[in-house]
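So, here's a batch of structures to check.
Look for chain A in each of the two complexes below; its partner is chain B in the first and chain C in the second.
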Partner chain A sequence: MSKTVTIEPVTRIEGHAKITIQLDDNGKVADSRFHVTEFRGFEKFCVGRSFWEMPGITARICGICPVSHLLASSKAGDMILGVRTPAPAVALRRLMNYGQLVQSHALSFFLLSGPDLILGMDADPSQRNIAGLIAADPDLARAGIGLRAFGQKLIRSLGDRSVHPSWAVPGGVRKSLPTEQRDELLKQLPAMYATVDNALDLMKDILDRFSAEIDAYGEFPSLFMGLVAADGGLEHYDGKLRVIDSDGKVLEDSAAPESYQQLIAEAEQNWSYLKFPYYKPLGPEAGMYRVGPLARLNVCDFAGTPKADRELRQFRHYGGQGKPVTGSFYYHYARLIEILFSLERIEELLADEILIDHHIRSQAGVNQNVGIGVSEAPRGTLFHHYRVDDNGILEAVNLIIATGQNNLAMNKTVKQLAERFISGSKLDQGLLNRVEHGIRVYDPCLSCSTHEAGRMPMQIKLISAKGELLDEIERS
Partner chain B sequence: MWLIIGYGNPLRGDDGAGPLLAGKLAEQLSAAQAKIIIAHQLTPELALEIAAAKIHSVLFIDATREQSTAVDIFPLIPDANGSCGHQVAPQLLLQLAEQLYDRAVPGWLLTITGEDFSFTEQRSAAAEKNSTAAFRHAIEFIQNPKILP
Partner chain C sequence: MPVITLTINDELVSARSGQSILEACRDHDIQLPTLCYLDGLSARGGCRLCLVDVAGSPRLLPACTTEALENMVVTTHNEKIDRYRRMILELTFAERNHTCAVCVSNENCELQSLAAELGMDHVRYDYLNPELNLDTSHERYGVDHNRCLLCLRCVRVCDEVEGAHTWDVMGRGVESRVITDLNRPWGDSESCTDCGKCVEVCPTGALFDKGSSVAEMKKEASFLRRILDGREKRQWQR
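Take a look at the complex of A and B:
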């Protein structure tokens, strides 16, 4: 008798989702789905607003990565103005983006995935949480909080608040970094480097400890996409789009972000509010691609900072000669390398005299009717695409969010995990948590991807071929 | 020194009562009396603010629709069992300060009753009235924490 397993809600991610796993008559996994069950509709209700308001409005999509929306939206606004954004403003925007990468990745690795990674997937669910993490490894919890605080402080130093700063605007930014705050941040950097060094050591232990099951967490061929700098280096703010396949072959190079519609198409399914973007030239199946830290480290030629480059060389051993790293479990490792890279870039920028230049905003009116802003959010490439009338009133809005672009891969990961770990008709917490972790490695932000806010509870239902509910686990 | 954290979303009607009251307290109290933080939501790194050496007590301020009185103030028991993610409970912040930074700081939650949490920057008449009472209670409480309203 076939059946369906449903996991609802999925926990320790941002937003609401559930997972269903359909079994066939022989008890084998026939299909699985990662359903995103929330809807908000920013793309619709922003129509009719002025593009000047968009950085402030779209930053409200998310309390975790508001900076990503702020920057992508401001860049779209830059294009509508048709101005050259002053170099000091670009440096300040980059600085804030690195602060966000630090705080967001720290939360994902240390506090959201930390309980699984330290206590193990089969640990008692009542202990596999922050309380268990503190008991088992208080230093790790402190490390996560310390890095978070540093990243949030950097954002606050520029934007006056760490959540929903209203700071970047079309044409530039509103204010510079006060010198005393720059000095305070510089003083904290040595401790931040030490924290991430320890975490990288820990990560290698984790990879050893999970070696028997790492290949179940999204190990499959796919394409990878991300921005790269003009010299091929790791890039998070500007640059060109690069797409590679799982052999490392470059399919797209130096693609202008503004031409993203030639690269990406968005499919829909009636069982999820989250769209399914794919690489257009290869179609919905072969065109599955991943974005985010893993993809960025795969598509770049090098990082571009000494410490991160040293770590990147080690990371690439997990991919094989000349090939990308194709296991999604390595997103965790990639996040730590990106924290290290961000700290190095922050140090460079804080020492740069350009930050004290007061020319931080270019002024203009509407000079173009289309604006496209692209940047790398912590979870991957973020696109904001606006069409405005001559008065700057929005006529159309399209937002393509990182989590959406990983949707096909997340679904495939859930199926891979289910195939590996489900047997028989009973569910257990270890299975539930492994499937959840398969989603958690992507650090999805469903609030962003559906432009919705909320929590991510999880339910797994096991349903027979006749539609009978055989077993169910639910977590709120 | 007191640490006062008013949190909520000012774009969701009465949910903004916490930040609004914190802002008013900032005008009334001296920098030596209290450090005021206005937050959209409680996040894990606030544990570091609580654990700072100069802080002797914490007052969280939030809006609620689930109480029978206009204003309530009650002591918080540190608790590590809440979820720790993109937002956390005040009890967990106290626990994090105690367990990770060895600072057991007494904490209270002041709740203001609201009735309209829809998309608006306006506070309902009831929330405005309750906030006025909450301001008075908060000042009295900070002067003498043994007196509960």
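Take a look at the complex of A and C:
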């Protein structure tokens, strides 16, 4: 029954993905795979460089979430220095991270997934894009772009540029927030809250409209992992790792992020460059876990800000009594709640006098040979693990990226969608788009980096039990 | 000092006897690109960017090491010279691994500025992509051979101004490397005085303050003229 699909590895093809679906003798889905065919190589070519450079280098991994790498890398650097990072620097880093969550989540909801959610999965493909969304609902599209622009502006106010800022460094940050820019950001906040409120209303309509098919977009039990604050609140910068199962039972609590290797192992498959991390104690099958907005809202006890907490209580109704929300379609909803939370935290931080403290960078040399930096990227928990020699030259680099940790779940989602929507031997655009959306709910970095209004280059092959190619749809 | 007269770009100009063509040009605000030349250090004619056309010479000559002579006719810019300069820059970029985006000297780099100034928009030669190391053994400074263009300002300033002669060159041609103390790690150097002059005169991010992040190095080579005037003329002016 099994058939090996050969993939020619092509380097630097960020955003390229392939899905293969195998049918059995009865025309039913036997297997499906989501292949990531890109290779970046940062873990290899950073060896030999200095850890001081790593925030700047690793920020280049992604144009959408450079801040996540910047922060995880700086935190790994903090550990190598072995000194206390000044509290004002930590507050500023948190601020930038919230700016990043706002802009990245706004991009995902309004620009990448918006066309599907608002225009419909079966809408004319020539209209089902950001241009079509602007034509159909210009106010919504404009507000979404404005929300993203706000996040980008916050990042730029601190780091001088919104894409690939080299601002956080081992030991702290390079620059404070100028007062006039702080005031400008504060002035914009009310309009941003209004945009999120509208989007949350819209989200509830979407949940109603999609109610018949929501359970096909990755509704299955899995573990969830994320950072939580010391008090159990929603956390994106620091805190401890928590892992829960689909019944809400806590498997790991207060796990030091530095001990991630005891929690996570990485499996590999020869048909994808993306590794398959799993929760080590349960093995590669039962150890499948999800990260990102959905996981974070599932693992935390509460959000910690009034508006987000109110919304979180509604969100939890979709999981049932004491149980986490297990449908990946709810990633969209979780993203909006996180935007709301981030705006509230931004408001708090901008009013905090700590931001004007001038001591923002600690100086030291190499005091530890290992540095592990962990933070919550928009897409999930991000790990940077470095080993350096006494001069700070990197000897080993391990990066565990959020998108990778959702790999098992993304594959399972694709299979669930294929089983639900494929019958016989014919594919149509509606299926293609639903499968694509099954990936897009996770907002993987693949689609972020195409810059083609969320249209991921994708190839779907329908292969019979005899290995014959029955049908193929390609979108480039 | 006797004064001579020569023609530069169809203009009659005067210069002091013994001056180089480059010095004569700069005295008359005629801009010539340079990388290895630095006011205060001996000229070596290494980077070849200041090549000029001298009437009667069968080949282009480096302005920094060619003496300005009476009645000389010099052309500093024409289509051929500009093309050669761009080629030299492209070869410099192709020789090592100059990755501006993540360089400590991004936006403050003489090589990068010249590439922009001379309109170098791409490199037509195959990159050599050599495997070169980073030495951060010194307590305060680091050297990244990937970004070194062998201008040897570090070697000259260490020898001629500081008097330590910590820096030197090993190897030949494309294999050449700047080294400290007969190729020992910089941190093990016994001759280095930790003065940092080499770092300040380095035109790229090859020499840098340890701990610098992207675009954080801002170098100021003009200190050299100030301390030399102090030493030679007993004049200290900022």
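One rule holds in what follows: the second predicted complex is superposed on the first by the 451 of 476 C-alpha atoms of A that agree within 3 Å, B and C clash if a C-alpha of one lies under 4 Å from a C-alpha of the other, contacts with A are read in each partner's own complex, and residues count from 1 in each chain.
Everything below uses one rule, namely that contacts are C-beta pairs under 8 Å (C-beta built on N, C-alpha and C of every residue); 3 or more make two chains touch, one makes a residue touch a chain.
Keep in mind it's a predicted model, so treat the numbers as computed, not measured.
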item: First (chain B), second (chain C), both or neither touched by A:112; value: first
item: Per-residue touch tally on chain A - higher for chain B or for chain C; value: B
item: Contacts of A:363 with chain B and chain C, given as first, second, both or neither; value: second
item: Chain B versus chain C as contact partner of A:130, first or second or both or neither; value: first
item: Touched partner set for A:181, first chain B, second chain C, both or neither; value: neither
item: First, second, both or neither for A:429, with chain B first and chain C second; value: neither
item: Chain B versus chain C as contact partner of A:164, first or second or both or neither; value: both
item: Which of chain B and chain C A:64 touches, first, second, both or neither; value: first
item: First (chain B), second (chain C), both or neither touched by A:144; value: first
item: First, second, both or neither for A:53, with chain B first and chain C second; value: second
item: Chain B and chain C contact sites that coincide on chain A, given as residue numbers; value: 60, 164
item: Interfacial residue positions of chain C with respect to chain A in the complex; value: 101-102, 104, 133-137, 139, 142, 187, 210-216
item: Chain A - residues contacting chain B, complex; value: 11-12, 14, 60, 63-64, 107, 111-112, 129-131, 134, 138, 141-142, 144-146, 148-149, 152, 161-164
item: Chain B - residues contacting chain A, complex; value: 11, 38-41, 43-45, 47-48, 80-87, 92, 95-96, 99-101
item: Complex contacts: residues of chain A adjacent to chain C; value: 48-50, 52-53, 55-57, 60, 164, 166, 169-170, 174, 363, 365, 391-393
